[in-house]
Amino acid sequence: MPKTIKKVGVLTSGGDSPGMNAAIRSVVRTCAYHNIECIGIYRGYQGMIEGDFKEMGPRSVNNIVNKGGTILKSARSTEFRTPEGREKAHENLLKAGIDALVVIGGDGTFTGGLLFNNEFNFPVMGIPGTIDNDIFGTSHTLGYDTALNTVVDVIDKIRDTASSHNRLFFVEVMGRDAGHIALNAGIGAGAEEILIPEEDLGLERLLESLQKSKASGKSSSIVVIAEGDKIGKNVFELKDYVDANLPEYDVRVSVLGHMQRGGSPSCFDRVLASRLGVKAVESLIEGKSSYMVGLQNDKVTLTPLEQAIKGKTEIDRELLRVSDIMST
Amino acid sequence: MPKTIKKVGVLTSGGDSPGMNAAIRSVVRTCAYHNIECIGIYRGYQGMIEGDFKEMGPRSVNNIVNKGGTILKSARSTEFRTPEGREKAHENLLKAGIDALVVIGGDGTFTGGLLFNNEFNFPVMGIPGTIDNDIFGTSHTLGYDTALNTVVDVIDKIRDTASSHNRLFFVEVMGRDAGHIALNAGIGAGAEEILIPEEDLGLERLLESLQKSKASGKSSSIVVIAEGDKIGKNVFELKDYVDANLPEYDVRVSVLGHMQRGGSPSCFDRVLASRLGVKAVESLIEGKSSYMVGLQNDKVTLTPLEQAIKGKTEIDRELLRVSDIMST
Amino acid sequence: MPKTIKKVGVLTSGGDSPGMNAAIRSVVRTCAYHNIECIGIYRGYQGMIEGDFKEMGPRSVNNIVNKGGTILKSARSTEFRTPEGREKAHENLLKAGIDALVVIGGDGTFTGGLLFNNEFNFPVMGIPGTIDNDIFGTSHTLGYDTALNTVVDVIDKIRDTASSHNRLFFVEVMGRDAGHIALNAGIGAGAEEILIPEEDLGLERLLESLQKSKASGKSSSIVVIAEGDKIGKNVFELKDYVDANLPEYDVRVSVLGHMQRGGSPSCFDRVLASRLGVKAVESLIEGKSSYMVGLQNDKVTLTPLEQAIKGKTEIDRELLRVSDIMST
Amino acid sequence: MPKTIKKVGVLTSGGDSPGMNAAIRSVVRTCAYHNIECIGIYRGYQGMIEGDFKEMGPRSVNNIVNKGGTILKSARSTEFRTPEGREKAHENLLKAGIDALVVIGGDGTFTGGLLFNNEFNFPVMGIPGTIDNDIFGTSHTLGYDTALNTVVDVIDKIRDTASSHNRLFFVEVMGRDAGHIALNAGIGAGAEEILIPEEDLGLERLLESLQKSKASGKSSSIVVIAEGDKIGKNVFELKDYVDANLPEYDVRVSVLGHMQRGGSPSCFDRVLASRLGVKAVESLIEGKSSYMVGLQNDKVTLTPLEQAIKGKTEIDRELLRVSDIMST
């Protein structure tokens, strides 16, 4: 029979993403619903080491379901990578009577959580929170859907000015290791070409595509580029390259940057956060540990943290084809 | 071997929804990609009867991926319900050389399309476009995701004033037959109670819930109600009932209405529209007919129109539980 | 020489409006800048009577400049209308060492503040916060600009569906006594006709205008109506009247309601709130009392509260003409 | 008695800005209202030289009041800077029967228009359209208010992530010659420091301010920088400088770029555009020429184009003080 859980700690770690607050709220209220205490841990694992804790009742999370960022703050902790750091963190949890953890974040967050679980046999559940959608075991990470909407909104604005001036815009979006944002937001924003880390189209293909686009009567074009694309040039070098090779284009660059991490979460992200928070807490209550809660085929599922960390998400090749057809 | 398709007609019918334009664009460009002509049919089946057609090349759908409404307009056609009306429509299609149809809309649209197919053996593919998400055979209809975001944005604004004044708001959202919008937007907006057609909680339970909410220290509350809920009172009668029974509440009503149908589509709806448009046209090319393209487990699938019309979507009971826990 | 101000109380009262939080923040930080203490008074005059006070340092108003509603809450106080109520309130202020007040709200708020000043010779400054823009002595009240943007955003959405279906929409906006929102948002949203309290066009004129609109080739129309218009019919009766007299129209109604009061304030409202808060506190420091701070010709000015209450704002007749020309 | 105007040409030139379409619509409909023909000239002065004209009736501008960019497109024309180019343009206008011009744009647009008027005694009216608000003779240029809202929306998102991570963000906004956007959006977004071209605070002051900010307990900070600020370092060099001198800060950079020019115009910009378009056309009818229509003290006024070009707008020094107090 599982050890009864009496007090759950919750933290956010790594890059923040919209929906983290909704997930915190869900964890807090699910605890309250089951008459379990809930403790907020500030600044991720660093706050665990420093004992930066705060009791959270159901009213402490009023009116945060729609707020971007994380009220628990986030931070990197080099100290938590040392056995001494983790030892200190463990002592703090014991001292506070916390007997299980929900950690919200990405790969790094889960790696820390799994290590902690292995060392101290401490129950840990992970909730995937990152805009990049690069976590194995869930079709959607918290914040991804919101980031897509943020990106298409911004590109819609850029298109206004692009089409008024018959210009070509290179728009760089987040995604160092994964092209999910670029691919989906690129299709959503009607981009003529999309460059992602998963596929190296090559510079020749880009030039050809732009020439074809011009020939087909398009007067302005948007090219969306993921940070980590494999074309071997950053977005400014790319501009120089096109300037040199296609002088008929008036090329501009826009790097969207950190705004993609912020903003009020979409309805999808709020609902997902609510569902995942419930599942995380209730799984702890059932005695489970070292799983990530996620969404698969529209259902909430559990994936061992180890798999979530090691697995690799794939982009949907169908979307590459759709993108290609849409730029006809 | 299937008859070669040379000219595809596309129309929108029934209530409009965000993403319809993105779907039209996708149909038009997929046709162009495969060197098939595409004809836009205005005002749904009525325009088919009146021969209100327009040739659409790939540039004719520039800059509409992000526009709400439908550039092909929509209308109800009583004439199309008569054999004479459909006969006239069929003649117009033949005269224009159109040899297949893509119809975008809901149940009524599909019923018309299926009848037309049955009578004239005319290839028809359906794309589900309605904000209500009440179509069997697809996890998401076009416009549903956008409508959810519109609703939570508005309720976020209402909550500002609700919590400034410690008020109770009844917010009526669309969904005569299905509670999908109410249930998801209600969770997303942090509603204290959600009333949907699929479940009759009863007035007693509502009063109890509101009293519990007050007792738990909540100073303001939002109740989301689907148009077609089964509680037997409209939203204004409900206000009167609560006024009479819980005089400590200052109750206000907001009926969101038609704004829910409009607005620029979310990234999700734009990508979905693009995918469904490709599949619809390519299925026609492959000789298929009388299917609805849809999304199931994140994959684009085909469902016979007959099933799509007869089948009944179910709300996710898990969400009822999540909603209940979230209002702790 | 003026009495030195050491502690300022700030409250919000009446209907809330976007920008109130930005004004509270400005009052709090201007106090801190001048080394004056600041006390937040909850729930307006009612909180003054109940002694519901809270010290506010400059960090207590972090991250509220962009939040709708009012963190100090608002309430109506019938008790404050009695001499006993005001006496109690005065004692509470004295007990707390508060020696001046900034009251944020509309006519009713200023009336209460002026009465209080008259009875107890207590320094009071008013900041105009209401979406209706119906306060004399300022070209803009806090929240008005935001409300205009909210209204045009919603009507843009309604127009999507209106023009997809060739419909006529009656949209009711706030403004019981003043047509500012209807007139400006109506022009901004491209309304074909605008009905406001300041002018009774009559039903005949409305019908004529709608017929002219149809004849000119417009396929859909929006009519914006202020709550308090003088046409003698509410928006639903109006629909019935047009249904009866212009059966060629498919008429729908949308009542925007309380969402107009909420939402993140526009940049204009945030800057205005910041400017008015500075002026209010610095005027108190200079020994002034019983003024409203406001904006006139883009400059921050003072208007005696008495005038602000009694004076009547006028709509800009030029705008009526512009509206008329725009609906050509 | 003024020559009767029978046909008005309208063009947009220079950088596009939100509200240009609303101004085009207003010019077109005011012409229709007065039974004057209206001709749209594509791509600014270049289209005038190439005779790229199109007749515009009142229905041709349906549903553009809310669209960003300019349906008439904009372009730079080096040819128009030559007497031969202008001669060609003049001939095209005569050939088309156009007897007056409305030009929408900024300084460069007005300079071209004035020259044209001087050379050919051709009636010209200017409408100020630029997001920078750097035109003398109007308190607001078209697009400025919208750009402010776009900027604060984006900085609100950046603040979410800044405050989750206790970071310092340098945000670069448009304004090569004028700090209006930086100053107003900086106050609106709650920036701790604002760097503008009109004032060189110096690097020392910036460091001091950041240190003070940290000491006062602020955990995150936003610094807004106009492109043309006088601090002598671009935004990336500034980051390096602060990294070197205040290592306790985790500094990030965001360059907002062209998105600031796009988007659906705010209600203010739509109403302003409508008012200015009416005035421009009616002034031409009255026989006036070589004026810019603008807004002064909330009234529509005329300023000789020559003054509009030569005059210099000033930032409001009061706002510098407000900004300073707000960052307490």
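All chains are identified by letter, namely A, B, C and D, in their written order; residue positions are counted from 1 within each chain.
Here, a residue touches a chain if its C-beta (ideal position, glycine included) is under 8 Å from a C-beta of that chain, and two chains touch if they have at least 3 such contacts.
Computed from a predicted model, the values in this text were never measured in an experiment.
**Student:** For the interface formed by C-D, which of the candidate pairs B-C, A-B or A-D is equivalent, sharing more than half of the contact pairs by residue number?
**Tutor:** Most of the contact pairs in C-D are shared with A-B.
**Student:** Once you count every C-beta pair in contact for both, which comes out on top, B-C or A-B?
**Tutor:** Between the two chain pairs, A-B has more contacting C-beta pairs.
**Student:** What's the distance between the Cα centroids of chain B and chain D, rounded to whole Å?
**Tutor:** For chain B versus chain D, the centre distance works out to 39 Å.
**Student:** Approximately how many whole Å separate the CA-defined centres of chain B and chain C?
**Tutor:** 36
**Student:** How many angstrom lie between the centres of chain A and chain B, each centre taken as the mean Cα position?
**Tutor:** A distance of 28 Å separates the two centres.
**Student:** Going by the touch rule set out above, which residues of chain C reach two or more other chains?
**Tutor:** Those would be 156, 159, 163.
**Student:** Classify the chain contact graph as line, ring, star, complete or other.
**Tutor:** Shape = ring; chains linked end to end, path closes on itself.
**Student:** Enumerate the contact residues on chain C facing chain B in the complex.
**Tutor:** 12, 15-16, 18, 20, 67-70, 73-75, 150, 154, 156-166, 169, 252-255, 257-263
**Student:** In their shared complex, at which residues does chain C touch chain D?
**Tutor:** For chain C paired with chain D, touching residues are 25-26, 29-30, 32-33, 58-59, 62-63, 65-66, 139, 145, 148-149, 151-152, 156, 159, 163, 184-185, 187-190, 216-218, 264, 266-268, 270-271, 274-275, 278, 297-298, 300, 316, 318-319, 321-322, 325-326, 328.
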